[in-house]
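In what follows, structures are represented as structure tokens.
Same chain, two partners: chain A is paired with chain B first, then with chain C.
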Partner chain A sequence: MSTHAMHEAEIGSPPPLAEPRPERNRLITVPFVLAVFAVIALGAVSLFTGVYDIWGREDGRDMFFITRVPRTIALMLTGAAMAMTGLIMHLVTRNKMVEPTTTGTTEWAGLGLLAAYLLVPGPTLVMRMTGAIVFSFVGTMIFFLFLRHVRLRSSLIVPITGMMLGAVVSAFSTFMTLRFNMSQVIENWFIGSFAPVQAGRYEHLWIIVAVTLITFLYANRLTIAGLGEDVATALGLHYHRLILLANALVAVCVGVVAAVIGNIPFLGLIVPNIVSMIRGDDLRSNLPWVCLTGMGTITLCDIVARVVIMPFEVPVSLILGTLGAAVFILILLRQRRSGRVR
Partner chain B sequence: MSALDVGYAAGCGAETGMRVRRTGAFRTRRDARRYWLLLCLFLGAGVAAVLGLILYNQPVPVDSPSFIPVVKRRLTSVTAMFIAALCHSFATVAFQSVTGNRIITPSLLGYESLYSFIQTSVLFFFGATTLVRFTGTGAFFLQVALMIGLSLILFGWLLSGRYGNLHLMLLVGIIIGAGLNSVSGFMRRVLSPSEFDLLQARLIGSVNNADAAYFPIVIPLVLATALAMFLLSRRLNVLSLGRDAATAFGVHYQAHVILFLVLIAVLMATTTALIGPMTFFGFLVAMLSYQAAPTHDHRYVLPMAFAIGFGVLTSAYFLLYHVFHAQTVVSVLIELFGGIAFLTVLLRKRSL
Partner chain C sequence: MITLQNVRKTYGGEVRIGPLNIEIPKAGITSLIGPNGAGKSTMLLMIGRLLKMDEGRIRVANMDIARSKSNDIAKILTILRQENHFITRLTVRQLVGFGRFPYSKGRLTKEDEAIISKYIDFFGLTDLEHRFLDELSGGQRQRAYVAMVLCQETEYVLLDEPLNNLDIARAVQMMEHLRRAADELGRTIVVVLHDINFAARYSDRICAMKNGQIAAFGTVDEIMRPDLLTDIFETRIEIIDGPYGKLAVY
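Entry: the complex of A and B
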């Protein structure tokens, strides 16, 4: 097995820590507490953003708990999930441009949703979710397999190939939708929006909390897995099992979000990159930061999406897609300037 | 010819038991014969399919006065197929040689996103009446010019200078495409349903709604670009050896890369504005032509790519129209086969 592939997939290794700073490992620091408060404040803004007058109307209180609270919770969970999948994929592949959007995982999840609709007439949410999870697992596995087989001359090839792969999968989905007259399903899926979230329709997102806990427990081991099969095995880890675990974590996050919310592009790319730019690559202590930044970013984007054409709203994925593309290009150019792109 | 080359050719000749000395694009005479045979075969298939598309299932007899108009109408879509095949095959083969990577296609660079962005923003900023009037040669040229201009900015910015990096340029192109898609998606959300319908009709491209009014400009433009590419194909041979080898042979690598990318941009922009996006058609054609033309000489690969592209496209349309009666799925089907071919190539690759 070539561990080279994984090694060479490394892009711009993080700047070496200048001096050992033991307080890095402490979780609760002043900036972290401030960040928590900032995210809580954003959540509060999200709770009170909307057209419906929850103060004046009689049933305002009910509406508050039927739509506003679930929506804000869904935002937080989705933000944490997508940012974390990005981090896991960065760890395992040691390539900071890999995330569900750039590996085709999201397109696989869409195909999974479609498969659920094709196999079962009128599938329940759980069935759709299962379809999306299974397909994104298979898709991510194919991509990892490809990464391990191929010697890469440039780390930039990885996202390019991943997006080509995604385009193939979505061409296939388009073919199926045209064949079975279901383009609306995919259309709705492709534009991720929090507008339909209400009590009774988002609760499956709580699975993400469990995924977050598992990721936190395994963070160190996943980092070692990123060093390649030989190193991981020498250090006493079961490499293949770890890769499968990482893959399953990613697939569950992407699948659940795909079934409940839809496609959330680029979040897994921009959030971990920004966090590691500011804090370096101490992964275990970065994980809470990544979750928090993910929550904050998506909540902010959703508030913008709700306000920008009030009383209507645009899907948050469009805002994230635009913003994410801009940030991605900035990150690329930054790396180019420091000569880290090979 | 160097001693090395002759020795190599002699080795090949000895292996097959044929004549001893041979230098040229093909390793053996059998390879050359196979090449010409396949070229004729694909061209023949293309011509046969064209005849079929024009003449088969004619609703009117030959002596009827409406025979010529019917033929003319059918000829339009055949011409569009010709343009699509020429543009995609030449652009993809050249692009893969310039980038030294046989799994990427120029359609990744976001031409279609830019096209739909232009159309959407015309409607968004200037309203429906302007979009309805936004046709004709002026508008067509404006769009092609915008697409080429953007590619030029992209190439000039990311390919030249000390940090020039081909893969970075590609990735930035893809991401810009994704970003533009989001922006146009945003604008489309704000449109009224009737405006949206108008736009939808504009954005779905196919060889059947190619506008024949553009042909007098498009055909010379495409032919001239393709001819230029063909005449420069020896340079392309050198470029495909990579930066170091090309520089050692005395070719100004960066200038030539940008030159070819501009030619590619012209071809891709024209076909996208005329027919609409086809992501994997070029990939499929390029892959097949590498199999059919056992040589690295682009003077032979390019014509083969065109022959295959034309043959595949016209036969697919003929078969699906007249044999399977499935008109809508042609482009999707071609994309599907291209996609499957892509996956196969990807998973069998050892090095990228």
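Entry: the complex of A and C
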């Protein structure tokens, strides 16, 4: 109080200080608690969805902890990661259509996986992950630099350009797989599925918790970066460092998920857009919501994927792709109505 | 005081700005006027460290702009560019609150909240404070951005064409707000304006620029002279005495 009072004395007689009317975006609200319970319920459903009879069989209990629990945890972590990635990219590129699938980031991650297999025969998971992260980082950087130089601000051209870039990278990957006889790798990656998840194969996904915490710490800075370089600089921030940080956060999420699970499309498009329509673009207050909605959405999709052709299952990326396409069109129509598509 | 010493900037070998030498005193409103391409915005952006100068030195309140930490500068000087902002879905209050960032780093204290409320009220945005920016009119949004910049509570406030895209009523309202910010809050405001008469009516000093040089700098009466303005704008300009002071007629 004292510094402010002094400041006021210096600059004469300002209008009387208004009563503080804080906009406390309180996290623990009734809807949030309900959402938490909904996600927990979905998690429970996920735990008990499957063909193997975990109650009847003798080793049911073991199977439960070897496959069901890891799968559900993997779903939650991946859902949070991909939704958060989308949110960060929306802010930084100022475009609601941008997410790893529409910027080529995912394809770069795939190429990174492939590079790991080419450089080291029989690479460990950590090597594959590193390859995916490094390539995602480079790929996203290329996309950001491209955006910067061409100054594309039309909301449609940006994702189209990104997808074209992705297609080029993907074509190169395909060529390499054919050339080096590794189509298995890229195929497994392309159809992102949680079916192979089991104890001992998914634990690296916990890295996502660290990324989420860092994102939360830098949430206000990233939101300011979303207001543009000029505003960020005027507020004393280093815009370019923030962009690098955002890029790194995105690359780690996409890379880890690509190496452990595979391609998870459109989650970063669906979730942040829905949250933004209701709650706006403030990253800090939205992050818990985005993570939660991401978890719920992907778990629901995975349950559908497991149930739809029981006793077999389809890859969750198929369900997400379908849902994502629908939401993509919905956003397009909405923006057109409000005249924001130029 | 803002001091420029031999500041130069070259764009692609063709356009040369400077050498600029000027001392803009503390307090009041200083307007930068001049034809397009005269270097008004360039000068403003260089003072606000949004554009790097090629040569020279800029000091604001004895702080070297090129050498000081960005966050320290953000406590004495702020700058807002003309409206081409991407429309983020933030509420007015959230946006204005970011003006406190150099102090609070996002953890708003009670005092911060009070300051935010003060500037929201000051700009007549009280009823709109929980509305999203994309639900506002262009003029309201512009006011919200200026409120954010003032909420930074810096001694020096630089605004690049704050009247762009505003109709007459909104433009007058904006200038009244800035006048009050200068008089009541003691801010030093530097604005780029296109309309000479707005500059004459609301400024304390005018800096006229032409061809990348400072052509004249002085009080309103010193600059509002027919020969000088005719020369700067290369158009015949007469000065008459209006009800609120001198008026340029062209």
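The criterion applied here is as follows: the second predicted complex is superposed on the first by the 317 of 342 C-alpha atoms of A that agree within 3 Å, B and C clash if a C-alpha of one lies under 4 Å from a C-alpha of the other, contacts with A are read in each partner's own complex, and residues count from 1 in each chain.
The definition used in the following text is that a residue touches a chain if its C-beta (ideal position, glycine included) is under 8 Å from a C-beta of that chain, and two chains touch if they have at least 3 such contacts.
Quick caveat, the model's predicted, so the values are computed rather than measured.
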{"item": "Partner chain(s) touched by A:V314 [first = chain B, second = chain C, both, neither]", "value": "first"}
{"item": "First, second, both or neither for A:L156, with chain B first and chain C second", "value": "first"}
{"item": "Which of chain B and chain C A:R284 touches, first, second, both or neither", "value": "second"}
{"item": "Which superposed partner A:H240 touches (first chain B, second chain C, both, neither)", "value": "neither"}
{"item": "First, second, both or neither for A:I224, with chain B first and chain C second", "value": "second"}
{"item": "First, second, both or neither for A:S276, with chain B first and chain C second", "value": "second"}
{"item": "Where chain A meets both chain C and chain B, residue numbers", "value": "153"}
{"item": "Residues of chain B that touch chain A when the two form their complex", "value": "101, 103-105, 108, 163, 165, 167-168, 170-172, 174-176, 178-179, 181-183, 185-186, 189-190, 279-280, 328-329, 332-333, 335-336, 338-340, 342-343, 346-347, 349-352"}
{"item": "Residues of chain C that touch chain A when the two form their complex", "value": "48-50, 69-75, 78-81, 85-91, 93-95, 97-99, 101-102, 105-106, 108, 110-111, 113-115, 117-118, 120-122, 129-130, 132, 149, 152-153, 184-187"}
{"item": "Residues on chain A engaged by chain C in the complex (per definition of touch)", "value": "1, 4, 7, 10-15, 17-23, 94, 153, 219-221, 223-224, 226-231, 233-238, 276, 280-282, 284, 340"}
{"item": "Parts of chain A lying in touch with chain B, wherever the complex brings them together", "value": "97, 142, 145-146, 149-154, 156-157, 159-161, 163-165, 167-169, 171-172, 174-175, 178-179, 191, 265, 309, 314-315, 317-322, 324-326, 328-329, 332-333, 336-337, 339, 341"}
